[in-house]
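Both of the next two complexes hold chain A, though its partner changes from chain B to chain C.
Presenting the complex of A and B:
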C-alpha cells in the first residue's frame, strides 16, 4: 500500500474518530448549516441538495454521566450516548436535527435533544414502517416532499430538481465506491481491517460526499488486493443498528482465529446497500429508495411480510462462504431482540454455527466474549473434516 | 392487629369495581371456548379496535391484556419460559415476550390437535388456553415495538395467518400550533388513520365473508361513549376532594372494562355503579385511604405482578395515589370526540391518543395539568424496565413537574409482567425520602404563611 493510500485511510479514520473536529472545520470553511441526522433512514441527499452538511450523529465513546439523568440505563447505548451528548451541550455544532425513523428509544433521545436546546429546529417526519400496504408509497412520497419543504425553510434555500439530482449522483457514487471495497472483501480480498472498513463508512456518514469519495478513490487506486489468510475461519457479522460496534470487538473476534468476510451492520453494508434511481423524478426516486432499501437489506425496524431478514442472511452467508455468524446485538435494542429468534431458527435449520453477543456502551467483557467466540470456532473446526 | 390487617383497614376499596371482576373472567372464559363454538378469533395489540370486531361477530383477544392477566394471576411463567426457549432475550418487552410465548404454545397446541396428539400441553395452563388466531390486526400507537411484535407473531405462525396493519403516526409536535387535540398535525393524523380504518373494515369483511354491520358499530360506540363519560365523570369527582373517594388502584381495576370488554348495557351499568358509588362517597365523605396525608400521581404502565403489593405499600404510608398517566390519559378518555352516528374519526383519534404516542411537550402538559387538578404532592415514576415507551420521557416529566410546580418525584424499578425486575426495598426507601421532602415543604409553607 502506498503512502498516499495510507494517508487517505488515516484521514478517514481521523474523521471517524472525531467527527466534531471535521464538522467544526467544515463550518468554518463553508459558513453553511450542518444538519444532525438520526439513523437509519433519513434521506441525507435532500439536506445536501440545499447546501447543508448532513451528518449522522454518532455514538461517543465517553462515559455516560449526565445522560443517566435523562434516559434510563435500559435504553440502547446509542440513545443513551445521544442523550448524554445533548445534556452535556455537545451537540452545539448542529444547526438543526432531522429524523425519519420511528423507534421509540430514538424518539426518547430526540426529545431530550429538543428539551436541552429548544431553540434549535428539529423535524420528525415519520416514514411509514409498514412497507407493503397499498398506501405506503403515497405516504412515503408525502414525507419526502415534507423533508424538502422543511430543509428549504431551515436553510433558506430553494431545492431545485437539478440540485437533488446532483446530490443523488454524488451519494450513489460514494456508495458504489464503498461497495467496491465490501464486495471485494466478500470475494476474498481482505486488504482492509474491519476497523478500517468501519472508519470508511462512519466517515462517509459525516463528511462532505465529494471529499469523501476523493479520499476513497485514493485508497482504492493504490491498495493491492490481499487474499484472506489460510486457516482462518470465515465469519459474517450481523446486526448492530444505529451505531458502530466497538472496533476492539471486531479485532477481538479476528484475534480468536477468524476473519470477518461480510456483514450486514448499519456501519457496514447496510448503510450502502441501495442506490437511488437517477433516471426518474428525484422525489419518486427517493421514495423508491426507501422501499428498495428494505428489500436489499431487510431491517427488523420495518414491517414487510414478504421480505425476510433471515432469508437474506442465509443468502449472504452462502455468497461469502462464511462458516459461522456472530450476531452483534446492541443491548436493549427492541427490534433486534424481537427478530433474533427468527434468525436463530433459520441458522439452526441450515446448521450454520452462530453466537449472540450483546454490546453495551460501557465496555467489552473481553474474556467472556473471547471464550464464546473460541467455542464457536472450535465447533466449526470440529465440523470441518466431515464437511470436507 | 397484624400489619396486613392494619393496612387493609386503611383502605376502602370500591365495591362496584370488585363486583365487576366477574365480567373480566367471563370474557376470557368466552375466548377460551371460542373454537368449540365455531367462532373466528382475532388477535390484536395496542389500540382498542375491538368495537369493530364485536360488530363483525368475532371474538377478540388483546395481547397485552392477556399478558397482564397472566402476570396479575402469577401465571405468566410458562408463557415466558416458552418465549425464552424460542430465543427471546429477557430485556424484551415482557408483554411481547409473554404473548409471543403464548403464540408458541398456541401454535404447538394447534399442531398437536391437527396431528391427533392430545394432552401434551396441560390445558389447565392458562397460557396455552388462548386459541390460535384466524387473523391479526395490528394498530399500535406510540411504541414501535407494538408493530414489530405483531409482525413477529405473524412469523411465529409461519406467515399463514393473515394480518392487517393500521399505521398510527406519533404525535411529535413539529409545528408551533401542535398541542393536545389541536394543530394541523393532529387533524392530518386523524384523517390518515380514519382512512385506514375504512380499509380495516374491508379487510374484516374479507375475513368474515360478511358485509360489515355499521349499525352494530354505531351501537357499540354509543355504549362505549356513555361508559367513558361515566368513567370521566367519576374521575373528575376525585379532583377537588380530599380525602379522595377513589384511588389509582380503583381505576386500574376498570381498565379491562373500558379497554376491551364487549360494548353493552352491562358495561354502561358497571360504570354507572362506579360513578354512583363515588358520588355517594363524596356525599358521605368516605375516603379511599382512611388517613390520607399525601396525594401522589403515578406515572408508568402498570406493574401487574405487584398491583396488590403496591396498593398496600402506599396505603401503609397514608398515601392516596390519586391519578396517573396510564389510567387518566388513556382508554376512550375524550368521549366528546366520538360522534356515535359516524364514529370512525373519533375512534381514529382515540387510537392516536395513546399515552405513549405524544412528544414530551404534550406529556408535560398532561402531567402538570393533572397534578394541579388533582391536588398532587408528588409523582411516583414506575421506571418500567422493559417498556421504554413509558420510561423514555419520565426524567423530563419529573424535571418539568419540579421546575413548573415545585413537585418532587421518585423513581422505582419494576416491570409490566416480569417480577424479577421489581426492587421493593428501593421503593420503600425512596418513598419515605419523598414523603419527608413533602413534609419539609409543607412545614416551610406553613412557616412562610405564619
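Presenting the complex of A and C:
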C-alpha cells in the first residue's frame, strides 16, 4: 500500500472518529450552513444542492449523563446519545435539523433537541412508510418538494434543477466508489479491517462528497494489492440501523477466526445501496430513489408486500458465500426487535447458522460475545456443509 | 487434559490414551481465578501421579479458556459440554447447562455435535450467582437452598428475577410474612420458567441432560423438569462435563500425535487439529455401568456413572472400530 493510500485511510478514519472537528473546519472555510440529518432516509442531495453541508448525526462514545433525564432508559443507544449531546449543548455546530423517518425514538430525540435549542430550525417531513399503495409515489413527490422548500428557506438559497442534478451526480459517484470497495470485499479481492470500512461510510455521512470521493480514489488505487484472509469462516453482519456498531465488536468477531464478507448495516452497504436516476427530473428521481431503496435493501421500518428483508438476506448470504450470520440488534430498536422472529425463522429454515448479539451504548460484554461467536464458528467448522 | 475455567469454579479432567478418566478435580474459587485454575490443574495432576510434561495435549474451555497455561487450543464451553455429555449420555439431544454466571441450552445432533444453542445475555437470573443471592437473603447455606425449596407449598408471585433486585423482592416477601420455604420454592419455580424461554429458542428435544453447578441443586432440577414437563437427567458430576468434553476433544484431535510436553511440537500438532475434527475420528464411549441408554430402567438416572472428582476412574471409553 502506498503512503498516499495510508494517509487517505487515516484521514477518513480521523473524520469518522471526530466529525465535529471536520464540521467546524468546514464551517470556518466555507462560511455556510450545516444541516444535521437524522437517519436513515432524508435525501441529503437537496441540502447539498443549496450549498449546505448535510451531516448524518453520529452517536458519541461518551457516557450518557445529563441526557439520561430527558429520554427513558428504554430508548435505543443512538437516540439517548443524541439527546445527551443536545442536553450538553454539543450540537451547536448544526444550524438546523431535518428528519424524514417516523420512528418514535428518533422523534423523542428530536424533541429534546428542539427543547434544548428552540431557536434552531427543526423540520420533520415524514416520508410515507407504506411503499406499495397507489398514492405512495404521489405522497413521496410532495414530500420531496417540501424538503426542497424547507431547505431553501433554511439556507436562503434557491435550488435550481441543475444544482440538484449536480449534487445527485456527486452523491452517486461517492456511492459507486464505496460500493466498489464493498464489492471487492465480497469477492475476496481485498481485506479491509471492519473499522476501516465503517470509517469509509461514516466519514461519507459527514464530509463534503467531492472531498470524500477524492480520498476514496486514493484508497482504491492500492486496494487490490491487499490479499484477503484465507481459511477464515465467512460471515455476514446484519442489522444495526441508524448508528454504527462499535468497531471493537466487529473486530472481536473477526478475531474469533472469521472474516466479514458482507453486511446490510446502515454504516455499511445499506447506506450506499441505491443510486438516484440521473436522466430523470431530479424530484422524480429522488422519489424513485426512495422507493427503489427499499427494494435494493429492504428495511423493517417500511411496508411493501412483495419485498421482505429475510428473502433479501438469504440472497445476500448465497451470493457472498457467507457460512454464518451475526445479527447485531441495537437494544430497544423496535422495528428490528419485531422483525427478528421472521429473520430467525427464515435462517433456521435454510439451515444458516446465526447468532443474535444485542448491543448497547454502554460497553460490550466481550467474553460473553466471544463465547457466542466462537461457538457458532466451532459449529460451522465441525459440520459438513450439507448439515450446516 | 481438559481444563474448564468458569466464572466460579475451575475443573480439570485428565484422560489416558484410551479415553479412561485418570483424574478429575473441581476447585471453587473467585471470579475466573488463576489461583483456582492452578489448584485444579495441580490437584488433578497430583491425583493422577503425573506432571505437566506427561500431558500430551491440553484444551481449555470456559470463560477463562485463554488463561490456561500450556493450552494447545481452546473451545467454547458450548462445544465442550456437547462433547462431554454426549460421551456420558449417548443419544442426548438437549443439554441445559447452568453455571455460576450464565445459562446455556445446547441442541446436540446424533453425532454429538452442536446443532444450535442459546445463552443468556448479561442477566445473571437463574444462574449460580442468583441462587447465592437467594441463599443470602433467606439466611441459609447454598447447600441448603434446594432442600428448603422442596418443602415449599405455596406459589407466590415473584415479579423480578433480576439478580440485583431479587434480594429486595425476597425481603419484601419475608416482610409480608411468607415462609422461607415458600419463597425458595417460588423463586425456583420462576427461574425454571425463565429457562423455558431459552429452551424455546432452540426447541425442546429429548433426552435432556442438565449440567453445571446448579444441577447439584435438586430443587432447581425438580422445578425445571416440572416446567418442561419432561424428565431431566443429571450426570453424577454435572460440573465436570465441560472439562471432560475438552479432554475428549484433546484426545479426538491429537491421538498419538502427542507433544509429550515438548512445546516446540505444538505448531505441528495444531496444523493437524482441524483435519481431525470429523466424526469418524472421534472417540465414543462405552459406558461401564449402564447400557448408555437414557431409558435404561436399571440405570434410569445417570447418577452413579463412574466419574470421580479425583483418583483413577474408568469410563471405559473405546475408539469405534
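Keep in mind that, in the parts below, the second predicted complex is superposed on the first by the 378 of 388 C-alpha atoms of A that agree within 3 Å, B and C clash if a C-alpha of one lies under 4 Å from a C-alpha of the other, contacts with A are read in each partner's own complex, and residues count from 1 in each chain.
In this section, a contact is a pair of C-beta atoms (placed from the backbone, for glycine too) under 8 Å apart; a residue touches a chain by one contact, two chains touch by 3 or more.
No experiment lies behind these values; they were computed from the predicted model shown.
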Touched partner set for A:123, first chain B, second chain C, both or neither: first
Which of chain B and chain C A:381 touches, first, second, both or neither: second
Touched partner set for A:105, first chain B, second chain C, both or neither: first
First (chain B), second (chain C), both or neither touched by A:368: second
Partner touching more residues of chain A, whether chain B or chain C: B
Which superposed partner A:165 touches (first chain B, second chain C, both, neither): neither
On chain A, positions contacted by chain B and by chain C: 358
Interfacial residue positions of chain A with respect to chain B in the complex: 69-72, 74-75, 102-105, 107-108, 111-112, 114-115, 122-126, 128-130, 133-135, 139, 300-301, 303, 305, 329, 331-332, 334-335, 337-342, 344-345, 358
Complex interface listing, chain A residues touching chain C: 358, 365, 367-368, 371-372, 374-375, 378-379, 381-383, 387
Chain A partner contacts - residues on chain B that touch it in the complex: 86-89, 91-93, 96, 138, 142-145, 147-149, 151-152, 154-155, 159, 163, 165, 167, 169-170, 172, 174, 192, 195-196, 199, 356, 359-361, 383, 385-386, 388-389, 391-396
Interface residues, chain C side, partner chain A - complex: 63, 74-79, 102, 109, 113-117, 119, 121-122, 274, 277
